[in-house]
Amino acid sequence: MALTKKQHVDQKESRQQHQLYQTALLAHHKQPIGFEVAINADASHEGVNPACGDEITVSCEIKHQHEASVITAIAFHGDSCAICRASASIMCQEVQGKTLVETQVMSRQLTGALSTNISMIGELAEQFSPLLMIQQFPVRKQCALLPWNTLMETLKCLPDQP
Amino acid sequence: MSIVSPWKHDFPVYLSHAHPNLCYLDSAATCLTPKHVADAVFHYQCYAHANSHKGLYQLSASVTERVEHAREQVANFIGAHSGENISFNHGTTDAINLVAYSFVEPLLIEKQEGDQANIVISAAEHHANLLPWQRLAQQYNVELRIAPLNKDGTINQANLSALLDSDTIFLAITHCSNVLGLMNPVANICRIARNKGIPTLIDGAQAICKGAVDVSEIDCDFYVFSAHKIYGPTGCGVLYAKGSLFDSMRPYQLGGGVIESVNYQQSRFITGPLKFEPGSHNVAAIVGLIEAIDYMTDISWHDVNQYIDNLANYMHSELENLPFYQPLIKRGDSNEKEKISTLVSFQVKKVHCHDIASLLDNDGIAIRAGHHCAQPLHQTLGVNASIRASLGLYNDVSDIDKLVASLTTAHKMMSL
Amino acid sequence: MSIVSPWKHDFPVYLSHAHPNLCYLDSAATCLTPKHVADAVFHYQCYAHANSHKGLYQLSASVTERVEHAREQVANFIGAHSGENISFNHGTTDAINLVAYSFVEPLLIEKQEGDQANIVISAAEHHANLLPWQRLAQQYNVELRIAPLNKDGTINQANLSALLDSDTIFLAITHCSNVLGLMNPVANICRIARNKGIPTLIDGAQAICKGAVDVSEIDCDFYVFSAHKIYGPTGCGVLYAKGSLFDSMRPYQLGGGVIESVNYQQSRFITGPLKFEPGSHNVAAIVGLIEAIDYMTDISWHDVNQYIDNLANYMHSELENLPFYQPLIKRGDSNEKEKISTLVSFQVKKVHCHDIASLLDNDGIAIRAGHHCAQPLHQTLGVNASIRASLGLYNDVSDIDKLVASLTTAHKMMSL
Amino acid sequence: MALTKKQHVDQKESRQQHQLYQTALLAHHKQPIGFEVAINADASHEGVNPACGDEITVSCEIKHQHEASVITAIAFHGDSCAICRASASIMCQEVQGKTLVETQVMSRQLTGALSTNISMIGELAEQFSPLLMIQQFPVRKQCALLPWNTLMETLKCLPDQP
């Protein structure tokens, strides 16, 4: 018998938690991109999540290429939960080689998606798919956003851009 | 007007096994509780209780969400911009003391030695909106100015305006006196204060049960009220603060949940309304408040107000027919809508208020006698005490008739 | 030990239509509510609610009597001399802030410029018993001294004693840490302080649920606790003050019911515990607290404690078998009765506490992760956060077994 | 049919209030003894009941007779409720001609009876019968005790007795 819509939702809900710590997220947690990587940082900043004590430091190397500032290298370190670590890892993967403007847009999109429960679609949804289930765990959103908030603070520390 | 209040059966206290003959005329002190509210609190305690804002587990996360959603609902109810402008506490008294400590005292501390300063309140304040300001005024040796009243018991705007000057650091007045009952023109008053750069607090304890409060329209800096005066449970108060005022205020009580980080020697505080909610939230009472607001909205504020206003008119007319009736404030002839007070404070000629209350109690009438936590106002009006009858949505014509009959007997029995 | 807690069915949250599989291990944060308590609160709100201490009518007089009788019952429960030594407030946090303002700050104000002074607390305090003292210390530029802990997590008496000197104006310590769980020898500590003339406050938030508190034996000046940590409702706290201390303290929050007489310029305050209870009492919560005490007394504190201690022993042993288990404090070998902690805070090797909490939540296990409002204590112990499992009378062996199984899976899944 | 004990109590309770304002008490209220009587006062004191704002001033004339101080005249005035007025009236009736020691004993007995719910017996019960029902109205006890408390304060104001 096919599932009714309601049953479908119920089933989905009972699997929620595993979806939070799904394989893709765990992969980032276990082998995080950019974690404790040595780079020639132009700026770095430490972010703290007061609610849980997570600490993360994000560092960037910025180059001026074709009229724009580009993140040529990015790394992070610190003591944080798996959600935060995985989110930082995905962040490092995605922003490497992006311009500051592109990075800011991406940050705003992710923050918006997580805080307003608007579904992510298209490319964005693909890039951040390991984090999508966090929408259903409001208390953990801050964990996923900490790397991004910290990156935004890091960029503010840059010497003025042309 | 229907003979029996259409909402009376929502209040279990009137059930036949409880107090079927109760004639409750003390809603200005505290409202009786509708079953909806008691049920919601019961349900919360039995099936949903956990610590909010601290646990990651679902039971706790749901409670957190409930509290945060409650902020939005209250904001919506009083026309506030957002839930971020709403902080929960334990009652109007708690909220006013908080503002005195967190917002006003720092202004006084800032004042240089020898600087003039004054705080302005009205002659009609409840002790809760008098004593905290009196203490601050004494402590910092500044003036506490008292705005006088009009003959109808409302605050005299012209006189108040004259009291506000460049040394005034705060204005705290009641939206509606718990003794006199008429609504003050707080939007006008706040405009006058704003033009002089003076921050304002409105004590909404009595006004809130009319359901039509709009803090954005009033444009005050702070608005406070208690859940139990709007058919909610005891133990929950609301503090509204405009814009980002919360962020500029120092924390009041300190405890769990208000810090971003702390070591033994120093602390960094969080921002937003949570900064003023240390320790475990009284979630059961917050849940009850939301249920009370929902209950009133469902049955229609408009219908309830119309009903109570009609009943109040009947009450005033009937009482005015009694030869021994001496109201603290005489009703004007104007029949304007805003001029209907749903409570009345009065004396019975030559009979002491406490004897009246005791005698009425014998007939099952619950009525207040004393100074109603507004002793200076009574002094101003030249009396020690008064009897107060105040209406709720469970009252009906029969309550007024009982009151009038019982007063008549009591007067006959006691008068010298 | 029985398989299912004999009292579990008193807690509606476990009913089949609610959360039958809930494994609640966060009682140190807040206790689940027995139906008796929810019923008592419901009944009060529905059938008995009125304003206390102000009305002369029967409904109000009964409420007043109930509150005053509750004082006697609480006094009796904690071994206080009389109900006059008991004041109701909104929680432990509220009570400690009250003592800081009403009792300790005046002592600091009295001190002459340049006088030395210090306040002593322990390293194991909850933020509620740290932040108010830290603020006072900063404001009056006096020292906040931190008594260190023994290896077992209790307060080191010798070191504490050395910190107390003739400049010490107050000692505030916890009866039982909410992170470490062992009872401190507060009677001894208070004797040391008394001999040096130093007034004392004991934070009983965690100790109260053992039911055996005797403030006369401890001989502290103040003792504070919250109803919700002893199976009562949210929103009610208790402040015990020895002898006639209440009379020597200045009032804290100001509002209705605390004055003997007032005019616009000055006030005379009443004496006794009511001086610290301005505004409308949260009677519903007081009623709930009394019901909780009665419930526990009826089912027998002795039986409950024995049951929970046995369960705690099982919990410690089972956890200690796990290779990845890293408790903040290692259990000693001593099997003394007082040495059983009914809670435990630990880490899972190489896995972040918040991930553990989320993964356990998926198995219906409600467990706390974080610094549990004791951040400096965690720093002292060299960690950021921990996982805490704490027991209530509804827990049983199956809860521990679930915890152990779920921890094992989570560790396997998350470890790097 | 005879009333059972329970029924009897119920009936009694429903008549409570009238018993509070019973004829004897009302008689004292309407024609209070010692009210606004002019005496040659040796001491007087104003008492206030903060709970209700009642105010009463008690004045006494004291003479030294047969080795004891005797209240030879007593009067009161002020604004108070009927309970307080009647209690003051009964007080004036009873203490007139009594020694200070006798007066103090009487005050203590009445206070004890009202505050501990111990029934008054014998002569005392007779003297104070109009006030007896107050035991059942705790909130009004202060009204009945105000004249007595004020009298005790008045006596403290006396110049030292031999």
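Remarks
When the chains are written out, they are named A, B, C and D in that same order, and each has its own residue count from 1.
One rule holds for everything that comes next: a residue touches a chain if its C-beta (ideal position, glycine included) is under 8 Å from a C-beta of that chain, and two chains touch if they have at least 3 such contacts.
Since this is a predicted model, take the numbers as computed values, not measurements.
Contact with chain A and chain B alike is made by C.
When chain centres are defined as mean Cα coordinates, D lies farthest from chain C. Measuring from the averaged C-alpha position of chain A to that of chain C gives a distance of 39 Å. The distance from the centre of chain A to the centre of chain D, each centre being the mean of the chain's C-alpha atoms, comes to 80 Å.
Distance between chain C and chain D, defined via averaged C-alpha coordinates, is recorded as 46 Å. For chain A, residues that reach two or more other chains under the stated contact definition are 137, 140. Counting partner chains per residue, chain B has residues 56, 259, 261, 354, 358, 361, 369-370, 375 touching two or more of them.
Against chain A, in their complex, chain B makes its touches with residues 56, 61, 64-65, 259-261, 270.
For chain C in complex with chain B, the residues that touch the partner chain are 12-13, 18-19, 22, 24, 26, 29-30, 32-33, 35, 37-39, 41-42, 45-51, 54-60, 90-94, 96-97, 123, 126-128, 130-132, 134-135, 138, 144, 146, 226, 228, 233-236, 253-259, 261-267, 278-285, 354, 357-358, 360-361, 365-370, 373, 375-376, 379. Remark: chain B residues 352-355, 358-359, 361-362, 369-371, 375, 378, 384-385, 413-414, 416 touch chain D in the complex. Interface residues of chain D facing chain B in the complex, by the touch rule stated above, are 16-18, 20-21, 26, 29-30, 51-55, 79-83, 137, 140, 143. Across the complex, chain B is touched by residues 48, 50, 137-140 of chain A.
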